[in-house]
Structure formats: structure tokens, C-alpha cells
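A, B, C and D are the chain letters, set down in written order, and residue numbers restart from 1 in every chain.
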Amino acid sequence: MTFAAPLTGVVPPVCTPLTEEREVDVPSLLRLVEHLVEGGVHGLFVLGSTSEAAYLTDRQRRQVVEAVVGYVGGQLPVLAGAIDMATARVLEHVAAVTAAGAQAVVVTAPFYARAAHPAEIARHYRRVAAGSPVPVLAYDIPVSVPARLPAALVLQLAAEGVLAGLKDSSGDLGGFREVVTGLRAHPETAAFSVLTGSELITDAALAVGADGAVPGLANVDPHGYVRLYRLARAGDWDGARAEQERLCALFAITRAGDPARMGAGSSALGAFKTALHLRGIIDCPATADPQIPLSHEETQQIARLLAAAELL
Amino acid sequence: MTFAAPLTGVVPPVCTPLTEEREVDVPSLLRLVEHLVEGGVHGLFVLGSTSEAAYLTDRQRRQVVEAVVGYVGGQLPVLAGAIDMATARVLEHVAAVTAAGAQAVVVTAPFYARAAHPAEIARHYRRVAAGSPVPVLAYDIPVSVPARLPAALVLQLAAEGVLAGLKDSSGDLGGFREVVTGLRAHPETAAFSVLTGSELITDAALAVGADGAVPGLANVDPHGYVRLYRLARAGDWDGARAEQERLCALFAITRAGDPARMGAGSSALGAFKTALHLRGIIDCPATADPQIPLSHEETQQIARLLAAAELL
Amino acid sequence: MTFAAPLTGVVPPVCTPLTEEREVDVPSLLRLVEHLVEGGVHGLFVLGSTSEAAYLTDRQRRQVVEAVVGYVGGQLPVLAGAIDMATARVLEHVAAVTAAGAQAVVVTAPFYARAAHPAEIARHYRRVAAGSPVPVLAYDIPVSVPARLPAALVLQLAAEGVLAGLKDSSGDLGGFREVVTGLRAHPETAAFSVLTGSELITDAALAVGADGAVPGLANVDPHGYVRLYRLARAGDWDGARAEQERLCALFAITRAGDPARMGAGSSALGAFKTALHLRGIIDCPATADPQIPLSHEETQQIARLLAAAELL
Amino acid sequence: MTFAAPLTGVVPPVCTPLTEEREVDVPSLLRLVEHLVEGGVHGLFVLGSTSEAAYLTDRQRRQVVEAVVGYVGGQLPVLAGAIDMATARVLEHVAAVTAAGAQAVVVTAPFYARAAHPAEIARHYRRVAAGSPVPVLAYDIPVSVPARLPAALVLQLAAEGVLAGLKDSSGDLGGFREVVTGLRAHPETAAFSVLTGSELITDAALAVGADGAVPGLANVDPHGYVRLYRLARAGDWDGARAEQERLCALFAITRAGDPARMGAGSSALGAFKTALHLRGIIDCPATADPQIPLSHEETQQIARLLAAAELL
């Protein structure tokens, strides 16, 4: 199943606010969605990596999709991650998130499972697409899933109608371009959506031909990414670059966590939530276990960076 | 929670026979368990990597534990994998498998989730152990989980009583030895169980001080691994080596799958199931999606190797 | 030692033509240099990865620098790789290539040597710069040197005057941008040269703020990369993208080699030399041992791609 | 060219003592060799990784081989590393070390050079062997050379007479065993030497069938490894294990360096040299640039571990 038209614009991977007890904080989640919608975003991606999907139980995942789909009520497309290790488990998530109203699903190659051969990845997507009532986007995120998605494989599955889009969080703009330009040889893929997951080279990805962007930092500053997107669409590349550089400076919040105490993930997801908390959008900056919480001093560092960006 | 005494002996990671429709084939599973028990094994490990846990839905996982625990009725210890990406999801599996009667759980570091810092891994195991009614074994399997478990971390968590054992499928015998010898400095860890996941250096791991072994190939030839274990325990290292070398030759079945058509996982798990099928123990050699099935010719190659090992 | 002004423009990493006997073919090398100079390039980089520096003996390396420096006679800057495992060996190459007239040296982090800690990399560059009579550029090429050069380290060494530039062949445009924008905080680094090694996203790197590019494919089509550079400098980003996409299509020559028979390096370097041979610029397409030669059929495939690009 | 009989026993990779100015300290080197010979070792391996070959200039490498060969005067076999990136460069080292009297050369797969395909590695070894006047041992050391040497490739090159032996520093005992047992199918490889590079599982490698060991820690305690070897050869596996465990405890010296200040290589090589200095065997503990020197406190920690091992 494919889209009628490509998804375009800014589609933030929505953070999942938690309570101190690590339960989904639905009121905070809805305030965050409201903040994003008011920021002008063009769609929402729930249950992705930035949403801590890997940390949420099935019940919590369902809560998130139901709350967000219910809130936006069709105003905006809602994509949902169906993040799991292999085909049968992914299909269960596909069923759950589409029952809750997701309009598309985002699916990685198998992980943990040793099924990283191109033939195994192709079989995985063919089976998932056959069992999905909504379009399937492939999700290339080597920081979490070692099996990469070669451009040739993505193009083949796009031509077959198995894949409706790609969310590329690989940082490899050369490979991204290969998909973008390769699609032109396949007119039947006109509605295929090529989305970049990068926060730092969104302008470059749009210049190369991305349809849209899924930047985690857009949780904190949706207006910035929407401006960037509009400048790029208007062909104002100097303006887009200036906006992008401002956002890159803001991205320094993700490095506030001391690497002696925690990994890059705790630091980055902690920073997004801390920023949202400092901005008054969510009630609690807690991240899911076993991530390490940011300290008071690290929180102050984030506050300073937000103030410098006039977001506080 | 720790064991009263270390788990010892041969504890095969039990394959999960499937039907053509990729549902759990319970009668075949019970025949496989019977075959293992008759082979003299000392425990059973269900829902590990060799069991295709990554491929099974929660319902199928439950089916497996219930069937096996029901069948063995306390004769043998049954360990169960609680394989998932991060703490909360793992705890749900812990609850499910212990409700079904598993006597210990086997848990990896987080994966997909970016939580590979030693402090994050420690927090993960502390939270999981706090929520588990049964002992927790750490599972080091770098082919599936990039985050390694450093010996110092394992020893610390053993001394704290968080971990009751280690299943080491890393192939790194030097690190394995570091755990084995390090435990001696902690008398309170006397019941800590150090198990090797290797098929190919089981004799060496036992010589180094392993309490037991969890070899996938023991599905096919439990008698061989039980003999190997007994020879090692009797100090007959030459005999153990000869038995091990015989089993290494048999392990060639795992390379029957053509690497141009499939990955090493499809080949290895396919080979175990094909061998069990050829030996008349299970009804169908199917592996879970998206693994690639072995061809007729590859099956014949496995048959020849089984015949050479006098297992057919 | 730093540059008076940044190096800018297209600085091809010059292939090293070899005879059938795998000796440097100096006449072919000089014809290649002439072809590049006529193509309008702004500098030359000899003894880089594309030059097969790793495969050339010290005598052959010297031959290359002497021939090229002698030929260009100061018309264009000539940079030379000083590619070796650790500090003392690198310094010997620095002495050799500068004696032969190279105006700058290009140096990686240590490799083979286990010295990949940032403190070790910093010490390496400080020692090399202290012993070099010409400016030192850092070379980030993870496909050959696993130790990455973090942006913060590059910026620090730039601010200290240790590094005069960066050749980034990492493909990581986000990290590249971090260097480019980070330099602005250090006015003393005004002449620092940031060069991209990418063939496929040269336009994006220039848009982000690269001073120049070092694309291997410019051996085959220097005019194309010079046009791309000029369009980018003129702010004609649509024109630059169109030229880039044409060059990306041409880059398909690097995949002509059958992956069942050879690695990506044999295929890519073989393709550059085969294309230069087919275009009549060099006498022999041989690559250095132990690379695998391209077959007749693979050569025909390259000829077709060159013809499609109107380069044959 | 192959050996008349396999190399057996303990063949330490000889450290290269340096002066404060980082020149080879020949008198210290000869005292170290004397210490090893008195310790009962069966051969010497110079210019390996532990010898800091990657850090030494060609002149320094020559100095080392000449000094050691001259000193031992044929009493013991002297193997020399010919460590470089690709075939032609390796062949120059082969010529240099054999001119200086080395009786065998030790050669890795290509590195830096992108030539890691099995066909490229095979071509490399065939070319090197064809140009070598002495037997060639393959060197598998993934910590320095990412291209691994698959057992099947080693066995094929052994059967062809290209390789005379293997030094395996991979830590992968399963793969090591595959080589050992695979050789039995090739009677023409009777003199092939299988050596383990591991310090920590030397007993296990000998039990599996290694002909000998090349442990870096034998610089510090040659008597220990010689005892271990003799116990293993006598079939006293309990005694061998006890000796091995003692040596494993001593190996803790390699972790004295603070990982916040330096990498594992600076720490390990610094520890070997510091121990030799503390034991009065070499004049200066300096390691080659850019390695980080150990602090006074780290040196004291090594002294304590030596004292505990009754080596001080």
C-alpha cells in the first residue's frame, strides 16, 4: 500500500513524556502535541526512537497512539513506529497501532534476530507490507539497527509497492541521494516519501531532494524546523542554512550529559525532555529506565542554551 | 535472588519447532524435550536466541514456556529468556515466563535502546532483578546485542546479588575466565552459575571453570554434549577433546546454507531444525520469518553430515 | 604552520598510473596531471588513498611527488599524503615529500598502532606539526582508519595552529558542518582549509561551507567538478545539484567490479584507472597488488557509462 | 616455503626498549633478549605489535633485527614482523628483515588499503610468499587489522604451501581450533605452526592443539609461560591452569593506565616496559609517540602487582 501523495514537511518524532513512576503522562503528551501543531508541523511520528519506543511496554505504546490520534483527529497524518525484532512481532505492533488509528507504520530491518542478509530484509518488508492495512515506511537507523538498508534494496521494494517511504537516520547523505535520484527512474514511485531523520543537515537533505524531515530537536523548537522547511521550499538556501545553523547550535543541549556518567542516548533524550520541561510544556523530564537522569548542573547547562536560543 | 547451588551440566537452548504456518508445534516441541531429557541433559533453556525468541510473538513465547514447564514438571530446571530491548519490556517478559513456571530468567543488556554505558547496563540489571521473582542470569551475546558485558561489571553485580549467573555467548574465553577467576574473590557468589554458550570450545570453557554449557548443537546431539561434560568433570581432558572435535565436525551442518542466498542465522537455525526433522524428532523444519528456508540440496548436505556422525 | 589563505576549489587526489609490472608510469602520471590542470583544477593531492599510497613503496612515493611537483612547477599547490601507522614513520614521509617539494602534508590519525584515544591523536598531530616544515592537514577516512577525528579535537588543534586544514572523507556531513561552523568562533583560524573528500555530496558540502573538494572521480571528469565548484560559488545551487547528479550517475563506474570476485576498493580504484585508460590518458589500467583486476566485461560496463556521460 | 618442523614452545613478541629520545636502546634490548633466553623461551618474535613495530621507522626496525639476530646467533629461531599496509611495502620489509637474518616473517592481511576480500588477501599472501626467501606466517590481529583471516582461507593457503604458520591474536578460540583440526586433513601441512597470541588462554590454546604461544606478557615473566608450556606438554592440565591463572593475575598490570587519559595500547605496552624497567632489565620505560606515558601512581600500581607475583 502506498500513499496518494508523498508525505512532506516537518514530521517530528514525538517525545513520550513520562511521570516520575515512568508511566505515560498523557496530559503532558497532549500539550506537547499541541505545541508541535501550533509550531506548524506537517505530521507526527509517534513510537520512534526519540519517542523511547524501545523502552515502552505494549500497553504504553497503545496509550500513546490512542492519545495522539484521538487528539489530532485527522488534522495531521500520524505515523507510528512498529519497532520490534522480527516479522511476526512487528506485525503485532502494526495491528495494534493501526487499530488505534495510525495512518502509516515505520519499520526497521530485523535486529537481535540474525537476519541481515538483503534477501532476509526484503522478505521481512514484503511480509510486513502484506499484513499491513496502511503504508509501510522503512527506517534506516544504524545507531540502533546494525543491518543497513542498501539504496538498491529500498529502490526495488519501492518499485514493487512494498515500501511507501523511507525514514533515513543514517547520516549518510550520499546514500540518501542515491535513493532520491534512483526513484526518478521509477515513475510508479511518485508518491514514495523520502524523509531525513537528521537534525543537523536537514537543509542539505532538502536540497538533495528530501520530501520532509523527522528531526528529534523539533520537539523543542518546531517553529525553527518549520521555518527551515519553508525557506528551503522557497529556494532561499542561504536563509535555510542560517536557520539550520541556529538549530545546530541549539543541538548542543544533547551533549549536556556527562559522558563519564551516561551514554549519548540518555544525554540526548534527557535533553529533549529537560528542555520541554524547562519550557513548561511537559510536567516531568524523566526518561525511561535504564537511562540515567541529567543532574541539576546539566539541566542548568540546557537552560543556558535555551536562553541563548531565545527559547526560555 | 540467587541460586541455592550453581546450575551445572548441559542446558540446551531448546529449538522452537514451528508448523508450516509458523505457529508453535507443541507436540514436536515436547518430542524434542523428551529427546533432550533422554539424552541426559541437566536443564533446559527456552526462549533464547536458538529458540528464535526474537521471532516469536508474546503469545507464542507463552505457549513455549507453558508447554515445556508442564512437560518436565520440575524434573529439570527450566530457564527462560526474557529477551527485549529495555527494562520495562523485559520485566513484562519476566512476569510472563515466571507466571508460566520458569525457574530463572536470562536477560541481555539493552539493545536498539541506546543504553550501553556500564552505568546504564547496571541500572538495567538492578531494576530487572528487583522486579523478578526468580534468579536473573546475564546473557552476553554480541552477535545480537552490541553492548558487551565487561567482566568487572558482571563481578560487581554478582557480588551485589543482582545477578545469579552468566550465559556467555561471546566466544571470548579470556573474558570468560576473568569472570570465573574473579568470582573466587567473592565467597558470597559461591552459587553463581557461569555457563558457556559456545558449541565449539565447550571443553575449553569447562577446563577454565565453567559450571555448564548451553550449546545450540545439543538439540541435535544431546548425548554428545552430555558425554563431553562427563568426561570433563572426570578430568579426562583427552576424551573430552575427542568428543568436542567430533561435535565440531558435526557443527559443519550450520554452514550448509548458501551465503549468497541467506545469512548465517538462517543457515544455522535452519540446520538445527532440518537435522531434528531428518532425525524424526520434529515434524517440520520451518524457521520463522524472515529467515530463508534451506533448499533440498542443502538439506541433503545436512543429511550426509548427520550420517557421517552416525546420527542418521 | 598554517596557510596564508585557505586552499579552495577542486583538488583531485591524483591516481598513480602503474605499468604492467606495477612500477610508477611517470609519463602517464604527467599526462594525467596535464589533463587535470587543463580541466581547471585548483590544486593536486598526491599520495592519498585514491593514489594507492598504501600500496606504493617509499621509492615509488618519492617518484610520484618529484614528478608531479617538477611538472607543475609551482603553478598549483601540491599536497602530499604522509600516510603511515604512527608518528615517527609519518615524520619520515613528511621529510621525504617536503624535500621533494610538496607544499602541505595530509596526515591521518594513527592506525594499526593502538593509539586512538583523543589524547593520543592530539599528541600525534602536535608532534607531526612540530616536525613539519609545511602546513599539516588532518585526514579523516574511517574506511581506512578506524580512529575518528571528533570535531572538538579538530577545532582545538586548529585553534592551536597545529592543524592547517581538514580533508574529511567520512561522509558524515553533520560532523563536517560542526567543524565549519565551529571555526567561526576562532578568528585565528581564518585560513584553515576545510575540504570534503566526497564525490557524491560535494554540492552539499560546499553549501555547508567547505572551502574545496578532493573527489577521486575528478580524475576521470575534472571539468565536471570544476563546473560544480563554480556553480556553487556563484550561488547557483540548482545548477550545482544538476552537475552533481550527473557526476553521481558517472560514479556508477566504481561499482562495475563483481563483489563476488573483489572488494569495493579494487572495484573503485580499478574503475578510475580503467576510465582514464579508456579515455586515452594513461597507458595501463593496472592497480597495485593485491587488488583484483577488472575483467573485460567489467571494463565494457565502464566504457558504456563513460559513453553515456559523453566522456568517450 | 615451509618449515622443516613446526615452531613450538614460547616465542615472546620482544618489546623494543627505547631511550628518552625514542631511539632504540640496543643494550637494553640485548639484556631483554638475554632475560628471555635465560627464561627458557623457544624462539623470539621481533617487530610484532608488542614490539611497537607500527611506531618504529625502517631504520629502527633494521636495528632491532640486526641486534637480536646478531646476539642470539642461531641459538633460537628469530621471527620478524613485516608489518605494512599492502603487498609491495610488505615485501620491502621482508627483504630488509631477512637480509638482517630473520628466519621467518610474520605478515598481516592488508590494512588501510581496502583489500579485505578473501581473494585479495589470498593474492597478498601468494605474492608475499613468492617473494620471501623464508617461511611466511599469517598474523590475525583484529584489534589492529580489521580484515579477518577465515579458517578456510588459512587452510587453503597452508595446503598450497603459501603459509608456513599462523599467529592468532584474535582471541577466537573456536576459529583457532578450526584451523588446528582442519590441518589434519592435509598431511602435507605437517610442519605448519599454529601459534596463539593470547596471554590469557594460552593453556586452552595448547589443549586445543596449538604448537606454541606468543604472549606479550612473557617479556615480563618468561619463566611463567615456559612453565605453563611444559606443564601442558606433560599433560598436567591442572598445573597448567594454575600457572595460567597466576599469569592472568599478573596481566592486571596492563590495566594500570587510566582510561580517561589514554587508550588500552598505551596502558598495556607502557605496563610491559614499566615492569621490565622496575625489574632492572631495561633502562627506560618510554613508549613510542604518540603513546601516553604512565604516571608515577600508575607505575606504583604496577610495582605492587609485580611484588604480589614475587617478580620484584
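The definition used in the following text is that a contact is a pair of C-beta atoms (placed from the backbone, for glycine too) under 8 Å apart; a residue touches a chain by one contact, two chains touch by 3 or more.
Quick caveat, the model's predicted, so the values are computed rather than measured.
S.K.: Touching both chain A and chain B: give me those chains, sorted by label.
M.R.: Per touch definition, common to chain A and chain B: zero chains.
S.K.: Comparing centres built from CA atoms, which chain ends up most distant from chain B?
M.R.: Chain centre farthest from chain B's centre: C.
S.K.: Averaging over Cα atoms per chain, report the distance between chain A and chain D in Å.
M.R.: Computed value for the inter-centroid distance: 48 Å.
S.K.: Hey, how far is the Cα centre of chain A from the one of chain C, in Å?
M.R.: Chain centroid spacing, chain A to chain C, equals 35 Å.
S.K.: On chain B, where are the residues touching two or more other chains?
M.R.: Residues of chain B never touch two or more of the other chains.
S.K.: Are the chains arranged, by touching, as a line, ring, star, complete graph, or other?
M.R.: Here the contact pattern is a ring, one closed loop where every chain has two partners.
S.K.: Can you check the complex and tell me which residues of chain D touch chain C?
M.R.: The touching residues are 22, 49, 52, 54-58, 60, 83, 85-89, 92, 110-117, 119-124, 127, 143-146, 261-266, 268, 288-292.
S.K.: Residues of chain B touching chain D in their complex?
M.R.: For this pair, the touching residues of chain B are 171-174, 177-178, 181, 198, 200-201, 203-204, 207-208, 235, 237-238, 241, 245, 248-249.
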